[in-house]
Each structure stands twice: as structure tokens, then as C-alpha cells.
Amino acid sequence: MSVIVSGRISQLLFLLVYSLLVIYGIYRSVVQKKIPHIRQPAAIKALEEAVGRCVEMGKPMLFQTGIGDVSTEGVTHMAMLSVLGYTSKLAAQKDAKFIVSTPSPTLFPMAEAITREAYVAAGKADKFSVDTVRYLSDQQMAYCSAVMQLVKEEKIAANVQIGFFQAENLITLEAAKDAGAINIGGAYRMLRIPDMAIGCDFFLIGEEVFAAGAFCSQEPFQLGSLLGQDMNKWIALAIIILGTVLTALGSNVLIQALRM
Amino acid sequence: MDYATMLGETVTVLFIIMCYTYLIKENVLFKFVQATYVGLGIGHGLVMVVGYLTSSTFPAIAAGNISLILPLAMGLLLFGRLKRQYFWVYRYPLALLVGAGLGLQIMGMLKASLIDQMISTMSISLTPNLAGFNSVIIVFFVIASMTYFLFTVRGKEPAGSAMNPLLSTMMKIGQYVLMGAIGAGFAASFLGRLAVFMDVLERVVYFIPRMLGLM
Amino acid sequence: MSKTLKGKELPILVMWIVVLIVFSSYFFGGSTLESAFKTLTVDWAIIITNIAIVVGSLALMQRSITLARREKSDKVDRFMQIWTVVLAVILFIIGTTLGIKSNIYSWIYNYILLPSWQTVYTLIIFFMATASYRAYRANNKYAVVLLISGVLVLMRNAPVGASIWSGFQDIGSWVLDVVNLSGSRAIMIGAMIGAISLLIKILTGREKILGE
Amino acid sequence: MRKTATLQKIGYRKIIYLLVLLSATIPMLYPIGLPVIVTKQTQDLYEYIEKLPSGSNVAIEFAAYAGMYPDAQAATRAGLIHLFRRPLNIVLWHTTADGPMLLSGEMKYVKMGNRVYGKDHVFLPYVAGSEATTAALGTNIRGVFKSDSYGTPIDQIPLMKNINKAEDFAVILVMASAGGNEEWAVRQWMIPHHIPVGAYTISITYPMLIPYWRAGSVIGMTNGVRGGAEYEALIGSPGPGLRRTDVMSSVSLLYVALIVVANVEMMREKRPKQ
């Protein structure tokens, strides 16, 4: 196995097995029609309620894309974009005023395209303007101050920040709260989760962030992928339990195998 | 203290105070700070871009690394966002970036976030002391917290009876562990942030003695 | 031809190629793959991102000018919009002509840009206080755990904690070393699994991340 | 996960903001000088350096980022004072662009005595930090740096004559890093070359290093500004750390008090309903 860089064999194995099981989960759900039953987390349900709240109050909803470029935290940003697709569709259909703000120059055109498509699909292309998706600054705290200004000026009623955030996280959450908004958030790193959890009314953590798009859509394809993820977690659990038992018995064979 | 430093310190202190007025109410002073910061931020960002292109990219192209013209051209495609009928063109540069982002993040997480975590969890030590006890309890806590993320199992929760009682207990414990982790994490981040706060506040509090050269 | 180009299949192919290059250089090594990896993820990505910054900045300035021209917006707003654009242009000119090492540029950086970063950042101390006042309430059993672990770690870290009760040091450390660590590990393992799943879904083209 | 929304009281925010401001400024103006209790990790780091044989070579990876620097400043300054006070040879390099400016600010507080640049300490320039850079420095310093920060070629510096790789050092110390340099050092210096790692960290990175410290890969580390205060107390040179301990304590106590008040208030609101 000298073809593979040493120390990365087990990683490749995990990547392959985990991918195949996700594909199997999708196959089971889409082709075999054995669609798993999955409960939507409260945070996802809250997205729809938040749009409704904005319509009722006649105030806008703010969706923040998170910071950083797609070329570094790719997966997290893509998770955010699928939630954006869902939320902007809801907002367009229900005629809620919708604002997307971003500090990332590379996410800016992507968010703009997705939001525009949502408006076009809802037959409300005229409601989309340059004010819908706003690039506020690529400097972290300058962006943060611009959001602080924005939430007060526009009197937003809901603030969504699911994705990759840094130190600006809690500041924008609290500014939005002060403006009277409900906060819906999500972070996948332990470093950021506490801020989200303390500052938000509803939040997603860890894996839920990556699964957010699937929770939103509820299609068999997406639900099937969640089934695959569960199978993968069972594998990880089994390995941990087995490895612990082996270590207790004085053998580190599994640890050595994982280090391969 | 020379005049440039004195002026600088004064401007800084004024900016800090103007920025903090946001806490009372959003107002024109904060707006001024914000507009200034955003404006200078854009200028700074653009200077960095020009700096990078002129110091790295253009010399490299001039030195014969012609392949760099391709990303340059792809970058220019991003201007496609300005007109709707052309916005398909921006997909190419972004597809490249997204591909790089997906690959890099997964690549980085495979070891650090999966393999390393599994190995350190299962490396228990059965010594009769606190460290040994902790290492065992960590295994239990990790497993419990992981069950919280079993989406297909969680789906059965309202029915109650459908779920294995052991699993449902584990899930509850997992939720407690996650809550404990969150509570601790929030408190742990406090001190680092407070350090920067103290630094900023000291600039204001000690401003006058410093101007008079007393500190 | 143009239909193929305009479709989203080709961009997804581009994505596939890049992902495959990144993975194969990671797993199989080799100087060819590694240089392809570096070219794509470092050299090319930086250039494209840099141009994206230009595109974004121009869009921002354009929007500011549009807002400043709107007769109905108030005078202060219009001034702020113009002020933003003017400052951006001035700093850009200074930076490109005199250079970033010039006195005036570093003065602006050290006395405005850097302290502004710090000042906005430190608002978090105020906001953490209001957020914890709201969130650390023992509403239910879970919140009780949140509250206790938070207070223990707070007292562990505060220098005064040990003077009040020496036990804070040990218990607080235990919460960090055991509870926080276990939680983070579970979250990290789960996140990896979620990320792989999302990668597969994106590569099948089902996620509409590049628009319809 | 979901939390029940709590009733928002009008005006509670402004009172809290004011309390935060007061709890920070009052001890700044009227310090009480609460005692500092030194933690094991700080003690370990201090003692390790104290016990290094004279003439040992010490590598310093200076990784300070201006934005978060205030958190590491006290420990960094105290660490530098300590290191230069002992008869140790110091080789320092930067992995952030902000580093050189911040270091020159700290060097004003360091007593140089009869130290001679080039003979017992060398400052190398800035190189973009990454795990790969840290690894490269462990195997061949001359592959990364051709000259020091003053432009003198490395081969003309007396101290560098016998120094080129990790094994030539007794210890590597990471200062003020905000981006994982400590873990790079553990992986690229400790594991392959068995060179112990010490760290003067910001408090965000600190918890991540605890497992390494327990395992013995990290000899000791300071925890942000608080650890800085402890280190200052150990070396007997009060600075920004000790000056700020009272503020740290008072703001922390305010937070605890706020949490208590919030809970008492909540119980009061609940009682009539029951």
C-alpha cells in the first residue's frame, strides 16, 4: 500500500466507506422508496415561523452568510447556501422583505444568484434589487459595525446566521436582539457554538449545520443522505467502543490501524 | 511624544468613545465611525489586492508562468454578476473555488476531526486516579453526545415507546453533556475577550495622564 | 455549445476535477499532484479571490453612490455614503502611490483601522453580559447544567475565584477537561460525517449552490 | 435544541452596559491588588526555563497577531524578560506580519545587560506561518531563512554557526499565537525531534493545550492575561498582567452576579403561577 501516503490509509478508507453509505442511504430512500422518518429540528421550523413573523410585522428578515472565502471553508459555506435557497424562497413566496448581508467577496455573487433565482422562481423578479444582497465590507469588524447599523436602521424582525462565523458572531446576534429580532443560528465548531447557543433563540450545532439543507427540503433524496449519515455514526460509535475495550484489555491494535 | 502620536492617540480615543455610544442608542457618531471604518476598510482591501497582484502575480507572469493568466481571466468573469444574462459566466471561477474549498475542508477534517478524536477517546488509561477515571468518563460522554445526533432515532422521539430505553437515556445524557460543554465554552471565551477590552478601555482611562507624559 | 457553457453541468465538472486533484494529492502525494494542488488551491484561488474583492468593493461603492443620489434619503445618510467612497478612494491612492510602509498609511492603520477592529470587537464584553443575563436562567434541567458549568468555569478563570474557594480551580478544570472536551469530540466526529455527506450531495449536482 | 424565550425587560440592557463599564473602570483607577494564585501550568513553564542549563539554545516562534495581542501581551513580555535574564541563547523568528512591530514594543521593557546581538540572541525575519513552515524550520532553518531581520546572512552570525535544526535547541517556545502554532510545534518538533514545547498563549488556545500538557508534550503554558499576571508574579516584575487582575476579577464577579439576579428574577416571576 505504498501508493498511499502513510498515515492516510485509514482516512481514505473512511472517506470511501462514508461516501458509499451516504449513496446507499440515498438509493434506499429514492429507489427503494424506504424513506426514513426524520423530525425537523426546531431551528428549521423556526425559519418558516420567522418569515411569517416578518410578514406580519411588516419588517425585514436579515440573513447573514458568514465570513471567509469559499476556497477555505467550502463545505460549511455550501451548507449555508442551501439554507439560504430555502429561506429566500419562503421569503419571496410570502412577500417578506428579505436582506442578505455578506462580508465575503466570493460568497457575495453566489448568494446574489441564489436569492435572485428564488425571486424569479416565485414570479417576483421585480422585488429583487441591489438592496437585497449587500456586500458590506471584507474587513471583519467593519462588516460587524455595518450590520449593527443595518439591524437598527431597517428594524429587522428576524436574523438568521447559520454557517461559518468568527468573533463577529455574538455582536451581530446581540445587536439584532436589541433591535427586537428573533435569532436563528448554527455553528459546527465548538469554538463558535457557545456564542450561537447563548445568543440565539433557536440554533443548530455540529452535524445539524451540514444537514440543515436536508432538513429544510424534506425530499427523499435528502432524507436518504441523513440515513447514510446515521449509519456512519453507528460505525464510528462501534469503532470507539471496540477500541476502548481493546485498550482496556491492553491491546492497541485498533489505534495502530487508525494511525495507518 | 511627537505630534503624530499625540494626534493618533486622540483620534483613537475619540473613535472608541464614539463607537461605544452605540450602546446608548444608535446615533450619528457611531454611524460616522462605521462609515469611516468601512471606507478605509475598502481602501485597505484594494491596496492589498493591488499589492499582491503587482508583487506576486504580474512578476510571475512576466517571468514566464503564463498559466497564471487563466485564473486572472477567470477572476474577471466575476464581473458577469453585473448583467443578468451574463451571470452564468461567474460560475466557472466560483466552481473552481468551491471545489478547492470542499476538498481542503474535508482533507483537513479527516485527521483532526475524525481519526484523532477517535484515537484520543479510545486511548483510556486504567490507572486508579483522577486521570484514569476521567479517561473512562470521557468515552461514556462522547458516546452519549454522539447519540444526540442520530437523526433517524430522534425522529421516533414523540412516539416514545418506539425508542430503545437505553438509547433514549444516552441521548438525554448526551444533551446534558453538550449543554455543559456550551456553558463552559462560553465562560472560557470570556477572559480572552476581556483582555482586549481592558486594553481598549485603558487607552481611554489613562488618556489624559499619557498626554501629559505622566505614564 | 453556448447552451452547454451556460448550463451548470460544466461548472460541476470543474468542481469535480478540483476536488479530485485535492484528494489525490493528499492521499497519493507525488510532486506533480502536489504542485497541481498548490497551483489550484493557493495560487489560483488567491488570484480569483483578490479579483472578487475588487468586484465586491466596486459593487459596494456603486451602491453607496446610488444611495447618496437618492433625493429622498436624509442628508446625514447621503453624506455618510459619500464619505465612505471618498475615504476608500483616498486610502487606495495613498496606499498605491506612497506605499503601505509610508508614515501616513501606517498612521491610519495603527490609529484608526487597528483600534477600530479592537473597539468593535470589545463590544462583545457588553453583549456577553446581556446575553448571559438572558441565557443563563435555570428554566429547565438542561439550562441548569448550562448555568452550573458556565459559573464554574467563570470562577475558575477569574483570579479572584481561587481566593473565594480553592475548589473552583479543580472543578472548573474538570468541566473544561472532561465535559467540554467530550462535547467537542462528539461534535467534531459528527461534523465530519455531515461534511462528507454534503460533499457527495454537492458533487451530484443536487444542491443548487450555483443558482438554477 | 431550543430554549424558551425569556421576557425582555425594557432597559435592562443599558443598566448592564453601565455596570460592565463601571466594574472595569473603577478597579482600573483604584486597584486593590488582589493576590494571584499561580497555576500548575504556569509554574511548570517558569521552572523549566529557570532550570535550563546556561548556554542552552532556545527557539522562539513569535506568532503575535495585533488584534488579539492584548491577551498575550503580559505573558509575552514577562517571558521575554525572564528568558533574557537567564544566560540562554535565543533564536527568534516571526510567523505573522504584525510580529516585528509588536516585538520591538516589548523589547523596550527587556533589560539586555551585557548581551550581544549575534552572539547570544538572533532575530530572524517574518515568514508566513503554517504547519509546513514549522516543520521546515525543524529540519533546516537555512532552507527558510537566508539572513536575519537586519539583512546579515545567517552564516555570518556567530550564534547560528552550530544551529540549523530542531535538535540544536533545548526547547521551542511559541509566543502569542492565535492560530494553532503550538499544535504545529507539538506535531513537527516534539513528535519527530523530541524537542519540548512551551507556550505563552491567549486564553482561547489554552484549553486545547491541556491534553498535550497532561501527556507531557507541552512542558507548560500561560493562560492569556491571567497567566501573564502569574508569570509576572513569578519573575517579580509587575506589568500589564498584574495591573489587570483586579479588573478581570471584578468583571467576572459582575457576570456571576448578573446570572444570579437573572435567576432570582425568574423564580419570582414563576412563583405566582404555581
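Letters A, B, C and D mark the chains in the order given here, with residues in each chain numbered from 1 onward.
One rule holds in what follows: contacts are C-beta pairs under 8 Å (C-beta built on N, C-alpha and C of every residue); 3 or more make two chains touch, one makes a residue touch a chain.
These numbers were taken from a predicted model, which means no experiment stands behind them.
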| item | value |
| --- | --- |
| Highest C-beta pair count, chain pair | B-C |
| Most centrally placed chain, judged by C-alpha centres | B |
| Between subunit B and subunit D, centroid-to-centroid distance (C-alpha), Å | 20 |
| Subunit A and subunit C, separation of their C-alpha mean positions in angstrom | 14 |
| Chain centre separation (subunit C, subunit D; CA means) in Å | 23 |
| Separation of subunit B from subunit C, taking each centre as the mean of its C-alpha atoms, in whole Å | 4 |
| Subunit D residues counted as touching two or more neighbouring chains | 1, 3, 13, 17, 24, 67, 70, 203-204, 207, 211, 223, 226, 248, 251-252, 255 |
| Multi-chain contact residues (two or more partners), subunit A | 8, 11, 15, 69, 71, 75-76, 78, 106, 109-110, 113, 116, 136-139, 141-142, 145, 148, 190-191, 193, 197-198, 205-208, 211, 226, 229, 233, 236 |
| Residues of subunit C engaged with two or more neighbouring chains | 23, 26, 41, 45, 48-49, 52-53, 55, 57, 59-60, 113, 116-118, 120-121, 123-126, 128, 130, 132, 134-136, 142-143, 147, 150-151, 154, 157-158, 176-177, 180-181, 183-184, 186-191, 193, 195-196, 199, 202, 209-211 |
| Contact footprint of subunit B on subunit A as seen in their complex | 8, 10-11, 14-15, 36-39, 69-78, 106, 109-110, 112-113, 116, 136-139, 141-142, 145-146, 148-149, 152-153, 190-191, 193-195, 197-198, 205-208, 211, 226-227, 229-230, 233-234, 236-237, 239-241, 243-244, 246-248, 252, 254-255, 258-259 |
| Residues of subunit C defined as touching subunit B within the complex | 5-6, 8, 10-12, 14-19, 21-23, 26, 39-41, 43-55, 57, 59-61, 76, 80-81, 83-92, 94-96, 100, 103, 107-113, 115-116, 118-126, 128, 132, 136, 141-143, 145-154, 157-158, 174-193, 195-196, 199, 202, 209-211 |
| Subunit B residues touching subunit D - in the complex, by the definition given at the top | 23-24, 120, 131, 175, 178, 188-192, 194-199, 201-202, 205 |
| List of subunit C residues in touch with subunit D within their complex | 114, 117-118, 121, 125-126, 128-130, 132-140, 142-143, 147, 150-151, 154-155, 157-163, 169, 173, 176-177, 180-181 |
| In the complex, subunit B residues that touch subunit A | 19, 22, 26, 30-31, 33-34, 37-38, 40-42, 44-45, 78, 81, 84, 87, 90, 94, 97-106, 110-111, 114-115, 118-119, 121-124, 126, 139, 142-143, 146-147, 149-158, 178, 181-183, 185-186, 189 |
